[in-house]
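In what follows, chain A forms one complex with chain B and a second complex with chain C.
What follows is the complex of A and B.
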């Protein structure tokens, strides 16, 4: 029987991929938990300390500051991301002129490296050499000019903006798919009944896309809780820790303080926070299914 | 507010210019007839305004980088940021390529991305076959192990990964980076390819078995040739990710001669903070960005579809 013959290829086909996954992902994953129970000395020797690292973490102001900033990025970012993404997706689903050009421009930043995008924006934000402040001044809005990344009041929002600018294309494409899946007969019926376009959007499109929006919100939370590269390149966590995220703190602790155990403990807590946040968000945004 | 009227006017002429594009055989749009343009309605004005602002900001950022890459360092500091460069200073590009090592970084990136993409795709397609087409006891568990990689943030494991790489002697080596990237691609690749293979009819294997082909041969000469589109989109996405990856490069590579482009540019950017070599840095940015944008222009459909699939399960 060919079924029996097929069974012989299972292991050889799976082994290479599983070996890589095991060595470079699954084993490190398990090892993270193990490391988090150990204390590292500067010389690199480890000592088992049980849950001590977690106890330390619970009283670490740096950790809570980074956690607060990470949540702020998630929150501010969702405000910067979803309204424009929704509006642009709505616009693109209208078959307007130049749709292909707009799709290209809106999505293009997604394919660029985070490193290049961050570097570019670091210069765009530059108070004197950049583009933003001089542009504001020339429009007579010089009062709005700021040292965007150097001021603790604006740095976090500025960093968040860059990460939204980079990634918004994906969300727009996903939302476009949502718009295209809306039942046209329902929309047409509403229009015939005299509903304006804004009314159709608010009372029909939005409620019907609720499930998609919930999923995208969860995705956003999971993604932004891991913020690292943008922050690392744009500000390095500064000024005065105002943009320090859990990711950058973890990296700094591992490499500036050579404290791999503590970094691993932060990682474990981060995963727990992420799963909890996703779960809560899912609960909160879940409503009874819409009947139509 | 003066500018917003400019912006509103912007897309109107742009529209007709690129919208029809008949000479280029438009990428296969599903359905034979191209979708008709909607007749203009008042609320479209809002859409044009919105898209115009977005388009203008992106295009001007890109144009600005290009403009600076054509300036001298002295010009960059002394002239207003939007003043057009004095001349075409392509030597900035030559300098970036040679003296600032961009050429070296570029080569590293090509080698690392191609190798890791190839390994990631080949191993994934082999692993996906039994997971998709053969029922065996632990298949759910094995698939779960791969999918775990889509759910758990990889960054979390960096501390032990660093120590493991140190033990294996793969720290600061391009081979180590290739292996990590390939692994990093596996969950997504396996997920997509399993889904793709499940759509193929099961009679394929039965027919091949009737004709006396062994399972390996069936896979290689019946299933694999049918996987073209799936493999293409998985390969493009992997390549893009590997080309752009920053975190693991930062973690694992320390010698400038071994750095891929994003890390090398970051390094140059750090140096530019203290030195004065901006023009070279901007030329380097252009060198990094332009091939990706060109590739994206050619493969837009594939890339958006693939990345969308990636985000949906990320």
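What follows is the complex of A and C.
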């Protein structure tokens, strides 16, 4: 009786959240599915075509290329993001001189707009006018100089690097919070027992932060599967589709060609892919909860 | 607990479905305003707000010029309030969405092009005002119909191909021309190229002198595509290229001129005729490098001069040429690829007379002459001299027997994602001419289903 009353009390408190979820997630999702079943003219009139857009999508090499690139960004980006973020967060969790200054430095790019960061890196990457190639040449590493954004072999990694450079501060802050939450008595005990810092990090800190890392990994996957702005500004999906992501393809189809039905179908598939990826990652990384 | 969860999930689904049902389709369903009488519209011009689309970006001299024109109208018509809205490429998605919702600008660009099948829909749906009745009226200043003021070469862009109604009036012309650094040509004793053989010879001479012959961007595929577009114009001809690429009528393997054009482009590439590092160079940087004397030529729209006005050195000697003719080419040797920047009026505008007055004022001989002189825009109005910053452009246009639509209308076609990436691969050295043709053939057959 008491529990049933408790449940009834919860419902009014959930309504605002449910309303927001309905308006900003479920309604657009349902509407997108609705749009994907239609064919649009440039002036916005639509004609119901059922699952035709999905059938077209299944045979569209541009879509599969963009999906492949999107997953590559996720994969390459996780390699560029997590090891340095972890290392920097670990370093910042030590007692070091000028810690606040370093925290400011690593967080500073986060406050810049995507457009500003993209334009700045577009210049830095420029093969002859930029700063990277001349710097490499002056260090005797001229062989490493590339046309970074213009070479399909390097463009995707170059764009991903910019995205990671821009956002790494957030991940470092989250990881710093994770390090600070760790129980000092456990870490102290390990050190007294003779464990070195690397052993403490590997055998105690990492396992204790597993839940946080799982959440961050899921967040990264979801965020990078939606890659759009950096790619759009830096390369526009080029050279010849080597950096085209699902986001840029969807934008081009919707707004260059005014083909909203097809773009909506791509959006629906992307949502399904993101949900599946997040679920799989959650399952794979899930371990018993650690209480501390 | 299970019941509560089911209840909550059900509520959310019902809520979202209800919202979806309330969403409805596009369009506001507003009825069109009654257009003013064609014979007396100038007497009907009255004050009030209108929103006009403009192509120049904020902070440019070009925009300042248009603001002065607007100020003149506001002074002459008390209460008139002309709001300028940026209507160039990057703003188009949002503006088109406004049109779909029945809230289009009173005067806007890129809503119509009689040579582009994909852009006839707005006119066909009744969203645009038919301007022909107004253009047919005799202009009091010239004593001739307003329409006669425009060069006959641009009529094809203004006019609907089947109904012959007019839905756009050109504020300026954008021509694809070969710009060259006349000072650099003189310094190395090179003759400006009139034919393809001249062009390749000039490229050899520049290479020997240690100068990159041609500036091009590798980060925007349609600008690389200007090269194949113009070559095919000469080796195949506009109609055939347009049919094959944009309309899917016939195949790219049907006419040997397509392969010949790709081989010519490959020839330039193999000579290393393009700017060093062009693959990673943005178009602004490529254009700047041309004006810094790091390249001899650049194939670009005639907007180049007004766009780069702030970075062109004062002593820079600019030359303008039509794209070189191809000896033995079976296409159009004298025609040019061009775009007329067309202003259209919303049929739903609350103040059509004031919108027409804006168009009339912008396209008047007086305004166009000032605009050519001060901003460097090429006019589609007869009797307006060439911009001084573009020496020889009027000769170039006069020599052209026909203006043809830039990009063959590909930019609003799904074939765009097939054609220009393959041309980029050719320029980047990732494939040769034959492989490019095969890939184009495969891709075009896929998107056109032929």
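The rule is simple: the second predicted complex is superposed on the first by the 255 of 292 C-alpha atoms of A that agree within 3 Å, B and C clash if a C-alpha of one lies under 4 Å from a C-alpha of the other, contacts with A are read in each partner's own complex, and residues count from 1 in each chain.
We adopt the following convention: a contact is a pair of C-beta atoms (placed from the backbone, for glycine too) under 8 Å apart; a residue touches a chain by one contact, two chains touch by 3 or more.
Because the structure is a prediction, the values reported are computed rather than measured.
Trainee: Return first, second, both or neither, reflecting whether A:258 touches chain B, chain C, both chains, or no partner chain.
Mentor: second
Trainee: Report for A:62: first if it touches chain B alone, second if chain C alone, otherwise both or neither.
Mentor: second
Trainee: Chain B or chain C: which reaches more residues on chain A?
Mentor: B
Trainee: Looking at the overlay, does A:7 come into contact with chain B only (first), chain C only (second), both, or neither?
Mentor: both
Trainee: By the touch definition at the top of the document, which applies to A:122: first (chain B), second (chain C), both, or neither?
Mentor: Both partners, chain B and chain C.
Trainee: Per the contact definition in the header, classify A:109: touching chain B only (first), chain C only (second), both, or neither.
Mentor: First partner only, chain B.
Trainee: Taking the superposition on A as described, I'd like to know which of chain B and chain C A:189 touches: first, second, both or neither.
Mentor: So A:189 meets neither chain B nor chain C here.
Trainee: Does the superposition put A:240 against chain B (first), chain C (second), both, or neither?
Mentor: Once the two structures are laid over each other on A, A:240 reaches chain C alone.
Trainee: Is A:20 touching anything from chain B or chain C once the two structures are fitted on A? First, second, both or neither.
Mentor: first
Trainee: Between chain B (first) and chain C (second), which does A:276 come into contact with in this model arrangement: first, second, both, or neither?
Mentor: Touch partners of A:276: none, neither chain B nor chain C.
Trainee: Using the superposition described at the top, list the residues of chain A that contact chain B and also contact chain C.
Mentor: Touching chain B in the first complex and chain C in the second, residues 7, 10, 14, 18, 21, 23, 26-27, 29, 31, 34, 122, 129, 254 of chain A appear in both lists.
Trainee: Can you list the chain A residues touching chain B in their complex?
Mentor: Touching chain B from chain A are residues 2, 5-10, 13-14, 16-18, 20-21, 23-29, 31-32, 34-35, 84, 87-88, 90-92, 94-116, 119-120, 122-124, 129-131, 134-135, 139, 170, 173-174, 177, 197-198, 215, 219, 222-223, 225-226, 228-229, 232-233, 247, 250-251, 254, 260, 263-264, 267-268, 270-271, 274.
Trainee: Touching residues of chain C toward chain A in the complex: what are they?
Mentor: Contact set of chain C toward chain A: 1, 4, 8, 11-13, 15-17, 19-20, 23, 25-27, 92-93, 96, 99-101, 118-119, 121-122, 125, 127, 218-221, 276-282, 285, 289, 411-414, 416-417, 421-422, 424-425, 428, 430, 446.
Trainee: For chain A, which residues are in contact with chain C within the complex?
Mentor: Chain A residues touching chain C: 7, 10-11, 14, 18-19, 21-23, 26-27, 29-31, 34, 41-46, 61-62, 122, 125-129, 146-152, 235-236, 238-241, 252, 254-259.
Trainee: Within the complex, which stretch of chain B touches chain A?
Mentor: Touch list, chain B to chain A: 2-3, 11-12, 14-16, 18-19, 21, 35-38, 41, 43-44, 46-48, 50-51, 54-55, 58-61, 64-65, 68, 76-77, 80-82, 119, 123-124, 126-127, 129-131, 133-134, 136, 142, 145-146, 148-149, 152-164, 179-180, 182-184, 186-187, 190, 205-206, 208-209, 214-216, 219, 240, 243-247, 250, 261-263, 265-266, 269, 278, 281-282, 285, 288-289, 292-293, 295-297, 300, 303-304, 307-308, 311-312, 314.
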